[in-house]
Every structure is written in C-alpha cells, then in structure tokens.
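Here chain A shows up in two complexes: once beside chain B, once beside chain C.
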Partner chain A sequence: MLRDTLQTLLSCYGPSGSEHAVADKVRELLSGHVDSMKTDALGNLIVEKFSADENAKTIMIAAHMDHIGLVVTNIEKEGFLRVSAIGGIGPKLVSGRKLVFADGTPGVCAIEPNKKDPSAQPGLNDVFIDIGAESREEAEKLVSIGDVAVYAPDFTQLGRHKVASPAMDDRCACALLVELLMYADNQKHNIVGVFTTQEEVGLRGATVAAFTVQPDIGLALDVTGWGDTPETDLPAVKLGAGPAVKIMDRSMIATPSVREKLFEAADMAGVAVQREVLAYGGTDGGAIQLSRGGVPTGTLSIPCRYVHSANEVIDMRDMEGALKVLLQFVDLA
Partner chain B sequence: MKTVDFLREITRLRGLSGDEGLVSAFVAQQFAPYCDEVTVDVMHNVIARKKGPGKKVMFAAHLDEIGLMVSKIEDDGSVRMGSVGGVDPRILPGQRVTVFGKEELLGIIGAKAPHLLSQEERGKNYMREDLHVDVGLPAQRVKELVQIGDQIQLEHRFTELQNNRIAVKTCDDRACVAMMFDALKRLQDIRHDADLYFVATAQEEVGSRGARTSAFALEPDYAVALDVCHAETPGAPQGTMKLSSLTASMGPYLHPVLRSKLMDVAKDNNISLQTAVVPRYTSTDADDIGSARDGIPTVLLELPLKYMHTTVELLDGKLLTEGGRLLAQFAAAVKEDWEDELWT
Partner chain C sequence: MDLKALTEAFGPSGSENEVRKLLKEAASKLCDDITIDRCGNLVCRRQGSDHSKPSVTFAAHMDEIGFIVTGHTEDGLLRFRPIGGVDPRVVVSKWVLIGPEKIKGIIGAMAIHLQTKADRERVLGYDNLYIDIGAADSKEAEKLCPLGTYAVFDTEYTEFGDGFIAARGLDDRVGCKNLLEILKTSDYEGDLCCVFVTQEEVGLRGSTGAAFHLQPDIAIILEGTAANDLGDTPLRYQVCVPGEGVAISFMDHASIADKDLFNQMKDVAVARGIPHQIKRAITGGNDAGSFQTSGKGARTCVLSVPCRYIHSGNNVAKLSDIKAQADLALAFLNSL
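On to the complex of A and B.
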C-alpha cells in the first residue's frame, strides 16, 4: 500500500550525506521485486528492473532520500548546540520544532531574543538546540560537532485526503518509486530507479548516478510548490488536482519530448495532471539532463504545501494519480 | 545568404531556452551547405563539423533567447508571465508580444494608467509580477487556447540605423551565431588542418547547459566561446567596451596562451581587438566548456552591444563580418604543435 510505504519511509533518519537508513529500508521493501540493487560511493541506491523487450530504452527515475537538517557546529559551555544549515532551512522554520539526531537523541530548537533590536529578523546564528544538557561535558556525551539533527518524525492525517509530515520532500517520491518498482510488470522499458543522496545540497547524488547509469531518458520525482493557500497563488498548482508535469524550474527546462510523454501517459491512465512553472527550486532532473552529452529529462511533481517546514502537506489522491502515470510512462512506446 | 540577412532571419525565430527546436532547425539548414556534417543533439545544440586532420576546435555561440512563459491564467483572462532567463521587467509595459498557444495570439503588455497610480506606486519600477499579457479575448476563450508553460515571444523588429548599426532582439547571442555562419562561408576558400566544430548551443541563458553537454560530447582540444558584452553608453560603469571593436577577454577562466594566439591572428589580419578583464567567472559558455571533462583550453571572444536583454540590442553590423573573418583565420591558424606551448 502506497500509504504504508510512505509512512515507513517517513520514519527513517536521513539528512543529506547520511541517507543509509532510508536506503536500508528501501532495500528491505524491494527485496525479491527487482533484478538488482547496488549502492554507489555517494550512497545512491541504484535499482534495476529490466524489460524483456530487446528495443527497450533505459529510463532513470530518481527520487531523493535525503532531507534538510541542522549540523552542530559548536557546543557551548552551558550545553546548548549551535548549528549551521544542511540544505534550505532557516530560523523561522526550525524555531520551536522538535528535532532528533541519528541515534535518537532528541532536542528542541529555539531562537535567542535580540535585546538590542527586538524587531530584527533572526538568522541561523541566533538559533540553538537544547538537548537538556547542563554543561558542555554532558552534551558531548550525547552529541558531537558534525552530528546532524532533523525534524522529528510526526505523521498526521489532515482531513480525508491530506497528510502532513517532515521529510515529505522527498520521501513521498521515494514511496512512489518503491511502489513503481514493485508493481511494474513486464513493462516495455528498463527501469533504473535511483534513490539519490544529497539532492538538498546541490543534486550531488543524481549527478554521479546519472553518469554511471547513462540513461536514454531521465525522470525525477519530487515535490513542488503550491498556489492554493492564503496569499500564495504561484505556482498555479493545487493539492488534490493531480500530480504536476514540470515545464521548468531553476534547475531545468524539461525536455519537451519527455514532458509530452508524461502528458500522454497521464491521458492514457485517465489521471488529471497539472502544468507547473516554478520560479524557484530545482530537482534531480536538472542534474540528469546535463549528464555527459545530455539526457532528455522531465520531472513529475507532487504538489506540496509548506515545503521544507516540519509540516509538509500532500494529498494522497495526487500520489495515487502519480503512481498510475508512472506505471503507464514506463510502458509507453 | 548574406550574413546580415542571416541575422535578420534568425532573430525572428522563437527559441526560448529549453525549447529551441525551430531555431536549431534553421541554423542546421543554413550551416549545412558549408560543412561536412550537421547534427542537432538532444539538447537542441546544433553541431556543424568541417573536417580536418588536425586538432579538434570547438566554436560555440548560443542560439537560445530569453523570454516569457505563461505561469497562470487569471479569471478575467489576463495571462501572467514567468521569466526564462533574465528579462528586464522595465521594458515590458508597452510591448507587443506573441503568445504561442494552440494558436498564435498577438498580445500586448499593458500597464496601469498613470492617472490610476497611487502616490507610492509612482516612484517605483514595474515588477514582472505586476504585469500581464492582454490578448483581447474573453477569459473562457483564453483558457481554451492558452496553457501554463506556453511561450511568449517579445516583438521582432529588425531596425537598421545609420552607420551600419543594427538594433533587434536576440543579438545576444545570435549575432555571434551569425559570425560563425560568416566564418563557415569564408572557410570554403581557406585551407585548414584543424577539425572544426561550429556549435550553436542551447540553454546558455539559464546556465550554459547546452555548452556543458556539447563540450563533454565533442571533447575538443581547444575552444572559442563567443558571446556579447556591454558596449559604452552614457552613465555606464567603467569597464564597458567600445562598440566598434571585438573584445578578447582575459581572466582566470580563460586560457592565456590560447588568448595570445587569438591576438596574434587578429594582428596578422589587421583586425582590431580590445581587451576586457574578467576577474572571476565569465558567465558565458566559456566557463562550462573550459571545465568540461579534464579541462579544455578556452578563450572568449565578445561582441559589444548596447541595451542587453532588451528588444533593441544594438550592435555595429560590420563586426559580424569582421568577426567571421577572425574566426576563419583563427581556425586556419591552429597548429598541431600549439600543444607544446599551451602549458609552458
């Protein structure tokens, strides 16, 4: 079940650079369903499911395992932790959140008050993590410089169709890719599903994986922005109105032929899709498209509210729709 | 085709970054009679090869253009615009545009009448987000014909001014593609050892993406990137260039010895070159070509123009043929033994 797979993957710890817990879980889920699984030097999990068709093309489909976090840069003598960002995370997003380290050590995040100028915007250097330690020595028994904290798992059903959780970006896409690899059966093309690392710090895993895989076609699965909450109207994408086919973002202008194939697949699968023009952000698609001499590449997006917050909200109907589109896409002539 | 006519035709064609198919087809067709093979790759790069037994030399000028894209259709049928590359929002009000929906629709970008501006608004420039395209149709009809992601092209008006000056959209960088075209024509009558690749690259305006992949695929020994630079205008900061002379840039991203070879060729052929100092990255295809694979010695030749990223990019038309002459002579001058000098 897509929902169970999603929940399982959301429970894993996996900031950029330390994604192995997610990879292990994916291996477990896919065991017996695919032709091969291997992990490369950057931690990408590369999963193959071949077609029997001798004219099959190789489609690389990427979903990133990593999520954003805070890395400890200093431990103060009172036992509080100072941090720096891993990926696009800021003081407004982290303040007041519950965090967790790799070994399960919990912490809470706070911002020091600015007494000189109470109206000033805080920066990440005003942020600290409180792990309950009363001295540096006590803190050092639990945490070292370089350890990374992420939002603590917190899966919540919202209304009938929507769910909220940290790391929805991009575990929802990992869940889709797992389900695609499980259920694709006798499909026309070879699927190389890559569960990528370090997307949030610059598409690094996908860059090297695409070089290794040398696909004929690339596809990234990722979340996109939303335009359906108060005072937010761009991109013109709504939750529950179907997955979105990316036209462009900062990292990629989708190859027109791949984009059209996605529309065709959606049409054949009877799934409504949206068209996405995103003025910010990027996906692994940007790295795949520019690999070697260039790879025709597109991105299928799951509309997601409050991206990079601890409550990333998606609509399960968009997920179900996306899975149908993907199953069709790998089977298109 | 005369080089100036090539420029007139190529600037007319729609080719936003990432969707350059039409302009690639035109370039491929025009280059074909003058070279041994022409291909268009998956990125829409046009790769025109003129064979030779010697070193592989890549010339690169980008064929994509900045422009607008439909980002949303409002309930009243107004078309909101996203930007592909750095479109200057100050030039948008008053533009005539074409929206490439299911049909080609002529549109205008209006602006709030001055009478209707608040005191606060009067002191501010327009932002793209405040503007929209008006195609005149009722909302329902707009929604039938136009979709998110459709291209919006700014108006093409090829304006020939006094003194060989030409002003038109997309001189950045199709004027340099025209220089390559001119060079190819000249090379019909000039002997060259080098194996020449004239590449009209895609997606430069969004980060030299076509240059990066084509440099990987071709693996040239040397490369010459061609782009435009800012010519002097009143009030322009120091470091802008004279309009009527090509520019050979120098800086850490560019190969000093190869640059001196280019300067020598210019001198031998009485072609004047000015020098621009680029202390960091060049923000041209040169950066991505130079760092492709294990590094490719690359130089940057620039064509000065005024009013960059507007619809009236102005250049001195005689530099099109002067640049063509320099490229052809450089291509002919490339020698096998340069290799030994380049890294000393």
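On to the complex of A and C.
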C-alpha cells in the first residue's frame, strides 16, 4: 500500500550524489511489475512500462530520490566534523538534530556561539557534527572528508491523516511513482518513470535523463510549500485539500496543455485539486521542459509543511488523491 | 611543452588563440586526430582497440582570467572590466599586456600622498580604475586599444623557494600541460580524448559544446584550484595545501563527483604512492559540471593542483603537485 511504500522509501539513505540505496529499494519494489529498468551515468533509475497501443505517446514522469544533507569538509583535532551544505539546508534547520551517515554512524549537530559578535546570524561555518569521537584520529576511523550526513529517519503519525518525516521531499513522490508503475494496467500511454538524482543541487539528474528518454510529455512529481499555518499565506495551498497542479515556479511555467490534462484527469478521477503558484523553488519539470527541442511539461505537487526541515509534514489524503489523478493521467494524456 | 611558455601565452576567455596554437603544435607530435570545434576547443582523439574499456575524456581549460577594454577617457586612459573573477584589490599598480600586439599598460590609482583617510579605507572598484598606456588622448588610446581589446597581467614565470613556481594563469595551464603529458605517456587501450577547452572562467561555455559532442563514459577534469592555506586561517576555511599532492574533489558548486570514481582515485593514489589530498571545501565550479549534465551525461571527477593567490597576477603552486596530478591521471587510466 501507498503508506507502506512511502515508509519503506523514507528509511533509505540518499543525499544528492549518493542515491543508490533508494534506487536499489525501488528496483526491489518494482521487480516483476515493469518492462525494463536501467541506470544511467548519473545514477538515474529509468523504468519503462509500455502500452499496447501503437499510437501511444511516451510520458516521462520524474520523482527525485535525493535529499538534502551535510558534507564533511574538515575534521577538527578534537574530533568534531566541519560541514558544508548539499542543497538548501541551513544552521537553524540542522541545529540540535540527529544525523546519520551512509554506514549508519550517528551524529548530532550543534552550533557554536559567535564570541566576537553574539548577535550575528549563525552560518554553516558555525555548525559542527559531534560523533562522539575524542580526537581527529578516532573520528577518521568512522568518517572521511566527503562523507555525507542526512537527517536520521524518523516517521511520525500526526493526527488522523498527516505524517512527518525527513526526506518527505521527495520520497513521497517516489512512492507515488512506484505505486503508479505497479498499478497502471493496460494504460493508454508508455510510462517512463525516472527516479532522478541530484535535483536538490540543480536538477542535474533530470537534465540528462530527459535527453536520453526524449519524451513526448513530461511530468514532475514533487512537494510544494504550504500556506495554511497561522502567519503563512503563500503559496495558497493547504494540506489535505488535494494535490496541487503547478501553474508556475522559478524553474518552469507549466505547459498549458499538460496542466489542463491534469485538471481533466482529476475531474474524471473525482479528486479535488488545488492550483499552485510558487514564487520560489523549482522541480525536475524545469529541466525536462527545456530538454532538446522542448517538451510539454507539467508538475503535480504534494503540499508539504516545513520543507527541508527534519519534520516535513504531508497529508496522506493528498497522496491517495494524487495516485488516482496519475492513474487517470496516463490513460488520458 | 614547458610551463614557462604555456603560462606566458596570452589567453583570456574568448581569446585563446595563442595558447591553442602552442598546444596544437605540441599535440600534433603526439596525436593524429586533432580538430578545433565550433566553440574553439582543441580536441585530440585517440581511437582505442579495446571497446570493452570505457571511453575517457580528460579536459583542461586554455582560457585564463583577464580584462577587456570598455572605454577611453579624454586624457587617453582605458576603462576596463575583468573577464572572470578578478579581485579589484589585486590589480592596482600591476603591469598588463593589451591586445595581440601586447602593448604595455599599467593599472593606476591615486598616489598615497593625495588620498584622504576615507580614500585609503575604501576598496577601489572597476569604475575607479584605469589602464594607463601612455597615450596622449582618447583618439590615440582608441586607435591602439579599441573597445573589446583583451588584456592580461604581465607576469614572468618564476621558480623560487623549495620547488615553488609563480606565474600567471596556472589555473589552468597546469591542466593543459598535463593533458599533453597524458597524450605523450598513456597507452590506454580504450577510446581516449584530451580536450583543451575555451571560456571556462566565464561559465563553462567551451566545455558545454565539447561535452555534448564528445559524450564520453568518463570525464576527468584537470584543474588549478584555490589553496587558502596560509596565515591564521582556521582549519575549517582551508581548502588544500600546496606540497601535499594533487587535490581530489568530492563536490564543488558545479558538480558532485561520481562516488565510485572518487573512491577509485583515492585507492589508486594510495596504491601507487602518489601524493594526494582531498579538497576540503566546496568552492568554485568547473567543466565537470557541463560534462556531467550534457547530453546523456558522464561520470566525472576533478583533480586539481592547489594554487595560492589564484585569479591574481601571480599564482603560486608547487611543481611536485603538478607532477602528482599527471601521475594520478595516468595511474587511473592504467587501472581501468
């Protein structure tokens, strides 16, 4: 079920550039359900499920496997780790958080006070990871420069419908894509599901995957922001009010024909959807749309609170709705 | 090809002709298939006999930071702007060579006697800096150095101290030198290409074209990178240290190294006793970014020579690190 798939994928380690554990898990889940699976030079997992219809179009649907993290740049003589950001992650978000490396080595993240200027905003240079080592030599046995720490997995049910976890951006979309590829049956169009890499550092995986796939239609699945907490009003998107059809963000103005097909699919599936205009951020859709001679492209979003924090919150009703829209979309487009 | 000739050749981004000519001449003795593509990249290919081996491209950029003439004042001075990232604090009172004729000019600032305290505390920007070519008036200046004329620091290649060199444009003539070394020494049996690219300093422009038409399985970028190892710089702000070997990058602003290649580089360096270090900061970006994301994409990794005072008129590097870069590139090829 969708929730189990989501939980399975959320438990995988996968910062930008090291997504193979997620890809392996997706391969395992989809084994026997699809026509082909291959991995390219950037680690994108490209999964095909063909239609029997000879007039079928090829729809590339992208969900990114990577999530944000902290990369070790230096090890202090006292055994503490200095870090830089992979993707949009800052000192406020990481301070006090439990982190984990690829091999399971745990650490906690702390901020040092700025003695010269206590009122200064801390930067990532003021952050370090404490892995309990008491010297550089001891730390080097556990961690090397270039290793990446991510928020430790932590899946929590909130209320009746909401769930919180790190990496919800964009594993919730990976879960949707897995379920779509599992349950699409005799659909009208060829689905090429691409589990992409390195979205958080600049849509890099999707850029090359779109070139290889050469789709007729592109669709990105990603989270979007929220406008439903007390002092927030933009984007005008609420959790639990259905998935959102993107009109535009910083990476793309959705191709009107694709956008309208999404509304049509939602209508036919009887799923309420929201309209999304995002003033910041971008998705793999931006890279797909500009590939080669251009690809008509849209994005379907899952509203998500506290994006890039260790507690990204989504509503499972939006997930269930999105899956219905997608199953309809690949039959309609 | 010696580094003296390479670093004294004129080659700011978009005007790489002199460097390319030198390199082409040297490469033609080492390689039969040499072309210049539409972006001005010098492409040296060697077809392999063993197609089970991955195709490998090594890339280094020919261009260097420099200046371009943007105007002339009534009294015959040249207004100018930098090409690539040049800190205006390092340009004052430096000699420059302007245009194909290499006219000498000097970047001037107000004499200290005439400055107020406020003047001395202010950093002069490019709006307040001029190149003096000793011209009588704007007409003469315009005739000698028309709009769009390129300039570079006038720097003589110097060896000093314990195996150090100081020169202009070590970023990335060290890589260019080592590409020739690869062509000379390697007997790699897969497809091999060494490409000398243009316009890296202004946004990876040459390599974007080259990467698209070359489409290698693996692209290794040979670079010069900032060291930042001196003074009381805390460990966490240091990047790499001249003398400690070739720097292997896990990530910069343009790419994340392919994990397997990164580990393979480390393993090969250890196994062959090649001095190496891991670049300890995420700074800059280079042609790996375009190779990784062009066309179907390529697996990439960056090997850099640590350079002090990079993007100034005098970069400082250690000869042993330059050798280590070539050694690791060649040892890596042998390991495939």
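To be clear about the criterion, the second predicted complex is superposed on the first by the 332 of 333 C-alpha atoms of A that agree within 3 Å, B and C clash if a C-alpha of one lies under 4 Å from a C-alpha of the other, contacts with A are read in each partner's own complex, and residues count from 1 in each chain.
In this text, a residue touches a chain if its C-beta (ideal position, glycine included) is under 8 Å from a C-beta of that chain, and two chains touch if they have at least 3 such contacts.
Predicted model, so just to flag it, every value in this text is computed and none were measured.
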Exercise. Is A:86 contacted by the first partner chain B, the second partner chain C, both or neither?
Worked result: second
Exercise. Is A:146 touching the first partner chain B, the second partner chain C, both, or neither of them?
Worked result: second
For this session: Mind working out whether A:293 is in touch with chain B, chain C, both or neither, as first, second, both or neither?
Result: first
Exercise. Touch check for A:235: first (chain B), second (chain C), both, or neither?
Worked result: first
For this session: Check whether A:17 is in contact with chain B, with chain C, with both or with neither, and answer first, second, both or neither.
Result: second
Exercise. Touching A:208 in the superposition: chain B (first), chain C (second), both, neither?
Worked result: second
Exercise. Now for A:125: first (chain B), second (chain C), both, or neither, which partner does it touch?
Worked result: second
For this session: For chain A, give the residues common to its interface with chain B and its interface with chain C.
Result: none
Problem set entry | Interfacial residue positions of chain A with respect to chain B in the complex | 227, 233-236, 247-248, 252-256, 274-277, 279, 289-296
Problem set entry | In the complex, chain C residues that touch chain A | 217, 235-238, 250-251, 255-259, 262, 278, 280-282, 292-299
Problem set entry | Residue ranges of chain A touching chain C (in the complex, touch as defined) | 16-18, 40-42, 71, 73-74, 76-77, 82, 84-86, 125, 144-146, 198, 201, 204, 207-208, 211-212
Exercise. In the complex formed with chain A, which residues of chain B make contact?
Worked result: 17-19, 21, 41-43, 45, 69-73, 80, 82-84, 147-149, 203, 206, 209-210, 212-214, 216-217
